[in-house]
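Next come the structures, one after another.
You will see chain A twice below: alongside chain B first, and alongside chain C after that.
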Partner chain A sequence: MTREKETTLYLGPQHPGITGNMMIKLKVRGDIVVSAETHLGYLHRAFEKLIERRNWLQSFTILCRFCVPEPDPIELSYALAVEKLEGRVVPERAKYIRTIVSELARIQSFLLWYGGQSGSGGLYTLGQWSVGDRNYILDLFEDLTGARIYHMFMWPGGVRRDLPEGWMDKAYKTMDYLEKRLDDYNKLLFDNAIFQKRSQGVGIIPKDKALEWGVVGPPLRGTGIKHDVRIDEPYAAYDKIDFEVPTYEGGDVWARSLVRRDEIVQSISIIRQALDNLPGGSYYNRIPNPMKWTVPAGNAWAKTESVRGEIGFYLVSDGSNKPRRAHLRGAAYAHGISVLEKVLPGENIADVSFILNSLGVCPPEIER
Partner chain B sequence: MSILNLKGILTPLAALKQMGKEPHTINFPDEQKNISKIYRGFHHNDLDLCIGCGNCETICMNDAIDMIGLAEIAGSPGDSGLRPRIDYGRCCYCALCVDVCPSGSLNMTSEFMKVTPDPYDFLMTPGKDNPEAVDKLSFKADMETTLNLFDRVPMRELDPEERVKSFAEVFLGYNEEEARIEASRCISCGLCTESCPVHMHIPEYINAIANADDEAAIKIIYDNNDLPEMCGKVCTRRCEDVCALQVRGEAVAIRWLKGYATSRAENAEMIAEIVKPEVREPNQYKVGIIGAGPAGLTAGYYLALKGYDITVYEAQNDPGGMIMYGIPKYRLPYDSIQKQVDYMKNMGVKIHYNTRVGKDISFNEIYDNSDAVFMGIGLQDAWSLGIQDEDAEGVWSAVDFLGKANAGEILDIGKRVVVVGGGDVSIDCSRVSKRFGADVFQSYRRRVQEMPADPEEIEGAEQEHIHLMTQTIPTRVIKDENGHVKGMEYLNAEMISEGAGRPRPVAIEGSETIIECDSIIAAIGQKANYDLLPKEIVDNLEMVKDKIKVNEDRLTSIPKLFAGGDAVKFGNSDAISAIADGFAATKAIDKMLMGK
Partner chain C sequence: MDLINNLKEVFEIEGKIKNDFQIEVEAKKELVSSILLYLKNQHGFIHLNHMSCVDWIEDEIFELVYIVWNPNIRKTVMLHTKIDRNNPEMENIDTIWDQANTYEREFREMFGIEFPGLVAEREFILEGWTEMPPMRRDFDTKKYAEETFATRPGRENAEDVRETIVKRTGEEIPDFAKKYSRD
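The block that comes next holds the complex of A and B.
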């Protein structure tokens, strides 16, 4: 190996194995990665700066664009931060609906991940299935919010619309269907010798380094460390719901995948509990006229758990009708840059996309 | 791969059992997707319901919405005549425009597909370009989900039982907290500005109040209204009639907010300190003003600021004209007018009271010694009822009655009073009579909904137990042997609709009824009295009916003679129109004399 010449290889930005608009500059010797460097700047839209130009409600429409596959935790973090600044009380019903929407978002995002993870391993059937099944959740979103992807649903004070008639039944049925499908997924992915072989011992995040590197979410829980914002600092209605946070030892792609597999089961359970116990009353504590809505001066940090891990908004208000400063910190920032660059050396080129998919990297969340 | 992992090789073959199953995709276009009932697709706008306020354009941060004029939509008071056009290359389908639409005309539909090679086809005017989409409305903002705040902060007022005992002000005014909340409802569309005769900067001062900057609000208000505290109490508020929020809810309380802001300046000195108007160097020109009513005072104030030597001639003992003598004190207290006039005097307006032009000083003397004359003489004489025995003792004209009452006289009107009329003045007469302890009956030819009086005033009258006798036409006054009123005979009327006009009251024959009363107050309108003018002026003064004809500059047919207020034919007969006249004349006089 040492006799081979070091070559530079650019993976992305146009590459099916990249989870968005970014590029990994790889130095390779043969087919082994010597070093990796994440390159960004392909979709910088200055969202944080744009938010400063918009009033407290107008920002709501760009929040979902921070991370297209799972916009809801970002909407929720922003709403929670504004509510914290204002001291605005959110009705119980809204909290439960927020929980349901967040968990639906998690499931559909996991299903998308199934496609990416198996696809980058050369297993294409499962991706077709999971993305197909994901549409049943998007149907629920469409009925609830009016859109399939950009929900723009959770805003300060609660949620935008109440559950429509018949929606709960549809949600229960969808959960039953998905639960049945999980067994099929297992057979195709976790029981699959190819997947086992390719994921076990690959892309290892050492347990003793995980916290130091800023790893969160399923990658952290895949090293055996139990950390989840929903449990540690509950928001929405998570404090009233009984659920497990699965952890696995090993820190490799395999462990991270198992965590995600088990989390779908937990999410289904959370949704059922929230639907069962959904309180009545209002779904929205009305904000003032958005054109003249001012938020008391101060600063607030609010975070939620996305499928990639902890994600939060830091907002500064000077008491006017626009945020003075808005900052988003998501898991992808650490996972996509520092963690990826540390994990890749020594791995096979063919595993780069595979590892990238297992970390949960959403480039727009890095380039705010 | 180890042979031991046979399970890992065989299990995935379970996928094969899916073969032959129905796909869960649809076969487009043979099959159509089920679309959500609140899908956020292309917009639809009810062009007739839309008022062109532009709130959709304001909230849209993608610049996807432009307000454009359409050939088929003509503007009117309360409708800018503009309609939203949406650039679907920029729209992000967030539907905030729907949520903030005050009229509820803009909604989204379940339409979401458009295939065209021409990019300009994606500039669509909802409602005009897709009228058929009205059947596919999906995402809507109803009264529950709208982001507009349709409920007004209630105005605190004196209890009806309490207020009829004195002339204390009925409306107590907003306190600071109430004003901030009420001001924050405004969407700053500016439809109100258009309909205000003076075009006050309404959204700007409401915004200042919402931002807790009352001084800025006062400064903005005084920019084109010198009697704002009066307007803040008794204005006919046509601004509120066209407020975007009144389409589905209650208009922003523009009048009360102005009242709140101006009440923050407690005296004339404070007004001067806050307003700090720009005052031009004095010039050599003199302007004479006849009548210290709202029109005359306005012309006087703004001309004084421009450096003119202003003298106002007022026949009465106090300034204000009709707002002093015509509006009861429970609506507009004496001190409030004095405060505003004191401020104007401090700014250089000289007022000569008890100086009746034509008697104490001749019109020609003023005219000859001034470079311009502004005449705001108001309507002094009452229209008579034109019925038998109207000259009986105890029959009052509204002008006379209110004038005396406002001057502080205690009037003996007896126990039962009939007031004839349906305008604001008639309601004033009724409520003042009530405060003199009488049982009041108000006779009006039409129905309540046709009364020209402010609905708030009608409501106030009803709360004070004033008996409204609608659809009644007085036919004769009944006198006792001493020539004093003892009753009134009237006919009941039915409403007949003919053509497009409002229904006409027609007397029902044989329905004569007599109501016993001690006084009758005729409040059916006033007319001007031109006795102050010399004959050669009257002869040359062009009139429209019995009012003075003026052009846009409020210039009459006589050189350098301007006129305004109720006596001219321009706009409505109310205080704010008088202020508008004074303001317009100021600009014209300044242009005439200084060339700017």
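The block that comes next holds the complex of A and C.
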């Protein structure tokens, strides 16, 4: 009998199984992972330092670029933090529009996740479908904000512009279409015996350790813990909308995938309710001249629920026209490093990318 | 308010209610790990939401912020402390929360704060960095970029890019490019 020796594998930074650019240094014995170390540094763009050199509004060109798959929650977290510092009131119409935009961002990011999760398991068809369907949401964004991916739309005081004519009808039609498509996704992925076998019992996060490890979002709800910023500390119009927060027990890839599957259904319902009940009135509480706009000194911590989990923004003002400190806490900050390094040992090499996708790791948001 | 009063009985702190969901506490750096352990073990603040650092260069201090959350009562405590900027050292808390290791590695790299006992053999983000910690206020990003990177030819100044192209290529500006919003 031969003894298996320990080998070092470098997964990344250029690897189709990595969700972004990062490197995981794996020590493996045979094809079982013995230890994992996350190495970053490929996507650091010094955004937080750059924000300190820009005025409060100029930062928006940078904020959306923190996280590529889902830029909107970061804009919203920053806007909420500035509004907390200033005590700025946001009109009701703007809150509903923010809710719609946040949920559209959630759905489009989930559709992208479908591609990543299924592709890392060897099922490439679903990614083609979901990325194609995602384009319908990006079309809605283009009509509303002028851009498909980076919107710079939710800013302090409200949103940048009102809904264009015909947009609501188009949004309703898009939701109807996507709802029908979910059946196809379920049949292809969740009814698929290979996906079930590969995801059940894999990448387990223990329920009693999850919160202590800093796990948030679908990975946390996949352990059975019901925590969602939209119900714990409601923002935008979520306190006026009826929705459920799905949870599943198990803490494995399967439970996390089921949580995400059910959340898309909830997001479609939230968008429909927000459109049905959209109030009239202003969409923006106008800020002063941005070149002279100063924000009172103080600090603020604002959270939103992104598709990966809780996104927090710690913002400090010294009373000037530029932020003193802008510090993003991405949902993946703990997931991609300390949680991943705990979950991977004992797993098969083939499951590393599978688990990485299920945790929703986003390297741009870790490194900023 | 009960929590603030309880903390005041046990530790020397200043505290206030920030809003419906957040409590702000300030304490000396020597008390931080004890307060965090007390909040975690006695009051259910088991989730470390965030750690941050602010450089108050004019006061010669770094302000560290620890943000912890209680999932049962859905409340957040933001614990602030100040350390000397000229000799920045802070107690390592990664024995309380593992993910604090990541934050402390980042602060060591970006601000130059030492955490005695922090086990971190590898760099966090800045590989081979030899300059001063870049998130400090006295690190000049623009100067570093100008000294380190070469400028792309033709973009040395804010000259209109059409004129730059004409000078480089000798071509005429096409009609569609003549109309420009800055004109």
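FYI, the second predicted complex is superposed on the first by the 366 of 368 C-alpha atoms of A that agree within 3 Å, B and C clash if a C-alpha of one lies under 4 Å from a C-alpha of the other, contacts with A are read in each partner's own complex, and residues count from 1 in each chain.
Throughout what follows, a residue touches a chain if its C-beta (ideal position, glycine included) is under 8 Å from a C-beta of that chain, and two chains touch if they have at least 3 such contacts.
Quick caveat, the model's predicted, so the values are computed rather than measured.
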{"item": "Touching partner for A:Thr125 - first (chain B), second (chain C), both, neither", "value": "first"}
{"item": "Partner chain in contact with A:His39 - chain B first, chain C second, else both or neither", "value": "second"}
{"item": "First (chain B), second (chain C), both or neither touched by A:Tyr238", "value": "neither"}
{"item": "Partner chain in contact with A:Tyr114 - chain B first, chain C second, else both or neither", "value": "neither"}
{"item": "Touching partner for A:Lys49 - first (chain B), second (chain C), both, neither", "value": "second"}
{"item": "First (chain B), second (chain C), both or neither touched by A:Tyr314", "value": "second"}
{"item": "Contacts of A:Pro290 with chain B and chain C, given as first, second, both or neither", "value": "first"}
{"item": "Intersection of chain A interface sets (partners chain B, chain C)", "value": "50, 53"}
{"item": "Chain B-facing residues of chain A, complex", "value": "50, 53-54, 57-58, 60-62, 123, 125, 129, 132, 135, 142-143, 145-147, 150, 152, 160-161, 164, 184, 187-188, 191-194, 196-197, 286-294"}
{"item": "Contacting residues of chain A [partner chain C, same complex]", "value": "37, 39-41, 44, 46, 48-50, 52-53, 84, 211-214, 225, 227, 232-233, 299, 301, 303, 310, 312, 314, 316, 324-325, 327, 329, 333-334, 337-339, 342, 367"}
{"item": "Residues of chain C defined as touching chain A within the complex", "value": "19, 21-22, 46-50, 52-55, 65, 67, 71, 74, 76, 78, 97-99, 101-102, 122-127, 134-135, 137, 139, 141-142"}
{"item": "Chain A contact footprint on chain B (complex, rising order)", "value": "1, 5, 7-9, 11-12, 14-15, 18, 24-25, 35-40, 55, 58-59, 61-62, 92-96, 99-100, 108, 138-139, 145, 147-149, 183-188, 207, 210-211"}
